[in-house]
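Two complexes, one shared chain (chain A), two partners (chain B, chain C).
On to the complex of A and B.
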């Protein structure tokens, strides 16, 4: 069956056919968007179910696996694919009402973005990864600027310059890797990489860290993110925080495990850098007035937790880290979609603007509060489970300092999220007029926030999906054999 | 050979320097272009074999015993296309910014915003 490749090709095809469809009938655009997104989600679910039985390797164009490009769907890719599928479907439904500016361009760019993120999570080829990485970047720049406000142009330009720098470093790392291994296929690269001189290997690691680190907001390379989020539409923020940043992080984790293995040195860099990242981001988030900036800093903080967990390099650490990638996707998407609804209904953009909305929009506020409690890490929500797993994994490997700072980080985030919750449920100074909110805005938010609760009460649901991730990450020979078909 | 690598390093450094120090948006765009060209030159230099021919197979393919590595060349074409796309987007953004603020200097844009 050719379903794996359809996961990338279908959104790509939709993106380019939307323009043609619009010349025939303007009404068809939205219908085609919804149909394509639904089919895409169904395909993803079927592929993920298949990949859970046994990992899938798909050779594009039936080329030999050493010559052509392969798509590899092991547990980690399958988890990313599922996250991309769920979030992008929710956001597309949400956008049907939320987006009233440059509609056609918005959908074309969104589908290209989804295709790129999907490609990044599935590909088994280093240069192919770079191409998808750039597709994601370019569509992101354009989506940030799409509202044509002053903040969005400024954010987009900043994003573009940082993105170009990060792309250059990734490209440099890739060409150096090709030079020392003579291959671009992940399996061959991983097999030959050990022979390279130490200095070259370290250089390549640093270039990958700077390149992808700029994109997944490693402190101090994070400065672009809050400015970018301010000017972008909320639906893009949800996609960006949920899957775009995570895709870069995914690519980095995959490359580190394949090329270098999680040695003690690299592990320690990632662990302490992760701790610094979330402490700095939490502290900066506390000072923010603007909701989107606050959530942006909170996104950076979650990246810190994931890096810490992955850097531990143990089975439980990897499971905790990848579970947090999945959970943070759900929570952040809920929060940003909620903020989008608040700004759509009453034009709220600052924390103070939320005053009293808890009474005039009780259901949306409730869904929003569930996601905030989850991201702080309170039981019984999913954020608690993954943070607890990270804490446990850090404790087991005797990184006591790192383990100590995880609850400290949660306390800091409690401090600033309480400001938001307090504003929501304090009496307004005057009557608030609320625009009626369409079900297309409400339902994705409800579903995602319900998912936060369900994942917290029954963690077994998604843990079944990710329990095999360490098998392919920790022992890269498993991945190499899978890709080479041995 | 060493001079070429030195030239590439200088080009890359120049590009980075322009991006980090200049205030003019167009110059930042040019700096990015210079940096990208340095990378693409690196691609070509790394695949170069002195005296090698183009890697095209034909009937008497045996005649070639030294060919240049074709993969980096193919990759550099892709990199050029990506670079062109990003540069176009960046220039479009600069036009939009200029139309709004009537200036290309970052300082003045910040001042206008207050």
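On to the complex of A and C.
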């Protein structure tokens, strides 16, 4: 079966065919979009189900597995694919109503973005990783600027500059890796990497860390993100925070485990850097008046938690971290879609603009509040479960200080999310006129928000998906053997 | 066996989707079923659920948890009746989640679910307090949530500490990570020093909300104290809390603030009883929890009627209500006598058991002084609120169903006062205290008599009059600190791309060098 490759190819084809379709009929564009997204989701689910039984390796065009392009779907990739599928489907449905500017370009770029993120999650070699990485970056720049407002151009420019730098370092790291190992395929690279001189290996690690770290927003490399989020459409924000940043993080985690292994030294750097990241981001978020900036900082903070968990390098740490990737995707997407609806209905962009919306849009606000409570890390929502797992994992590994700050971070995030909740449910200064909200905006928000609750009460649903992740990360020989077909 | 609190939690969903009479009926029905369920719960464990890698025990009934559960469910019913006619949907749903999570909390058998429902109580009560008709609750509820989450976070920490050392999450007396548990429980039960959230909030919410709130949050804290902190000696701490609470209360003129400080003070009694750890002390503390919910709830109901009828809640503006609201006044008298510990009312019973459990004379005298203050305070409350000569306009009368709620509570207060055996049989415990011996009766009457004399002598000082509030709250400064740091950080990040690039390159250099070195 060729389904795995379709996960990448389908959105890619859709993106290009949309332009052609438009010349025949404008009405068809949206129909094709929906159909393609639905088929894509169905494919993803079928592939993920298959991958849960046993990991899948797919060689494009039946080339030899060292020469050709390989896709590897182990548990980690499967989880990412599922996240990409669910979020992108929700966002596409949402965009049908939300996006009323440059529609065609928006869909073309979105599908390219989805293809890129999917590629990054599935690819089995460094070169394709870089190609997909750049596809994601370039489409992101364009999507940020698509509203043609001053803020969006400013954001896109900053994104472009920082993104180029990060891309340069990633490319440098890949080139160096190629030079010392003579290969790009993950399996071969991993096998030969041990022979490389220490100095080169360290340099490669630093380049990967800085390169990807700029993309997934380690403090102080994070500074571009809030400015970018301000001017971008909310639907892109949801995708960006939910899957684009996560894809860079995924790539970084994959590379670290394959090439370097999670040694104590690397682990320590990631753990403490993670702690600093979420503390600084939370403190900064508290200062924000703009909703999107606030959520942007909150996204950065969540990256800190994930990095901390992954840096522990234990089985429970990896499970906790990957679970938080998944949960944060759901929560952040809900929040951004909610903010998008608020701005669509009443033009709200600041926290103060939300005053009284809790009563004029009770259901949306309810869904939004669920996601905020979840991301703070309160029971009975999914954020609580993943933070509990992280806390427990940090405790087991005796990183007491790091563990101590996790709930402190929750406390800080309560302080600023509560400002949002407070505004939602307080009395408005004047009458609010609310535009009617289409179901296409509502339903994805509700579904994602409900998922936050369901995953909190029945965590077993998604934990079943990720319980095998450590097997392929911790023992990289499993992954290598898988890729080489041994 | 199913945890009875889950009925309320499920019921809240139904309440959300119904309206009008059906919702009212449903709300009462849920509470009645809940009460019967709790009452018939057999002692023992059941309903074990595997969650993550933990084994949760969702039902674990002991005599004491049943005692607490019964009074929670009973008072929940009365509070729902009381609020039935004017509550809105938000109140129905949230109060049921709130009551439900408190009852569930009482019957769970492991720390993880305990934490779970502990936080659910905080969340639901936050939204219950936050009321847009009262703009001040925007600030106070914010304060409430932050403070309670500080407690929640330290509970979480304590649980993990304890779990990592003992490897079990069973809900028993804690041995490891005690300081964290003490902070958590202290905040929840409004121990003096971390009590600041309580008066702020309970005096500003709609009157029927304060009735519900008064019963559960702090008492869940006391229950936690009983279950978790059995190994800590807290007798003195409790007595201090009792006395300081009373002193604060005496200064208040706003009736619900006054009652709020009395919660703190009465909790001090419970801490003293449970904290000394003797069998009688613990039993007395738990009995006092039972009784306190009843009379303090009744007092909040009484002042609620006054606010409902006159629109005023400050003793300075009140007076002469005894003729216009006779039933309410009667309930007020019953509750005041109960809280003051007058014989033949339920407060007397539990205070007596606590005192019998104390051996240390310092503690006994401390509670004696607190008793004088309490009696004095409630003479003030009743006299200036209801009996002094003054014309206060009554706009509307309490409804029958409000009276029914109050009457039920008052009835139980008197019943327990006259037949203390009821309490013992619910708790399945023989205290062996002779409740109606003359010596005890005389001893318990003393504080009230002394208070009466002081009240007569110092009438002018006690009379409610305007005075400036001094805000001694230090916790906002922590907030200012965080805010300041954030301000500095956001000034540094000023949107200048060249600065961002500089950061990137510096980070690169630092990381690289530190790796190579």
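The rule is simple: the second predicted complex is superposed on the first by the 486 of 486 C-alpha atoms of A that agree within 3 Å, B and C clash if a C-alpha of one lies under 4 Å from a C-alpha of the other, contacts with A are read in each partner's own complex, and residues count from 1 in each chain.
FYI, a residue touches a chain if its C-beta (ideal position, glycine included) is under 8 Å from a C-beta of that chain, and two chains touch if they have at least 3 such contacts.
This is a predicted model, so every value here is computed, not measured.
Contacts of A:165 after superposition on the shared chain: both chain B and chain C are touched.
Once chain A of one complex is fitted onto chain A of the other, the partner contacts of A:272 are absent, as it touches neither chain B nor chain C. Residue contacts after overlaying the shared chain place A:446 against neither chain B nor chain C. In the superposition on chain A, A:220 makes contact with chain C only, while chain B stays out of contact range. Set against each other, chain B and chain C touch different numbers of residues in chain A, with C touching more. After overlaying the two complexes on the shared chain, residue contacts for A:379 are found with chain C alone; chain B is out of touch. By the document's definition of touching, both partners, chain B and chain C, reach A:157. In the superposition on chain A, A:210 contacts chain C only, with no contact to chain B. Of the two partner chains, neither chain B nor chain C is touched by A:344.
Residue overlap on chain A between the chain B contacts of one complex and the chain C contacts of the other covers 157, 161, 165.
Taken together, the chain B residues at the contact with chain A in this complex read 19, 25, 28, 32, 35-36, 39, 42-43, 46, 71-72, 75, 78-79, 82, 85-86, 89-90, 93-94, 96-97, 100, 109, 113. On the chain A side of its complex with chain B, the touching residues are 127, 131, 134, 137-138, 141-142, 145, 148, 150, 153-154, 156-157, 160-161, 163-165, 167-168, 171-172, 175, 178-179, 184. On the chain A side of its complex with chain C, the touching residues are 157-158, 161-162, 165, 169, 199, 202-203, 205-206, 209-210, 214, 218, 220-221, 223-224, 227, 269, 280, 283-284, 286-288, 356, 359, 373, 378-380, 384-385, 388-389, 391-392, 395-396, 403-404, 407-408, 410-412, 414-415, 418-419, 422, 425-427, 459, 463.
The touching residues of chain C, when paired with chain A in their complex, are 51-52, 115-116, 119-120, 123, 127, 130, 132-133, 135, 138, 141-142, 145-146, 149-150, 153, 156-157, 160, 164, 479, 482-483, 485-487, 489-490, 493, 495, 497, 499-501, 503-504, 507-508, 511-512, 515-516.
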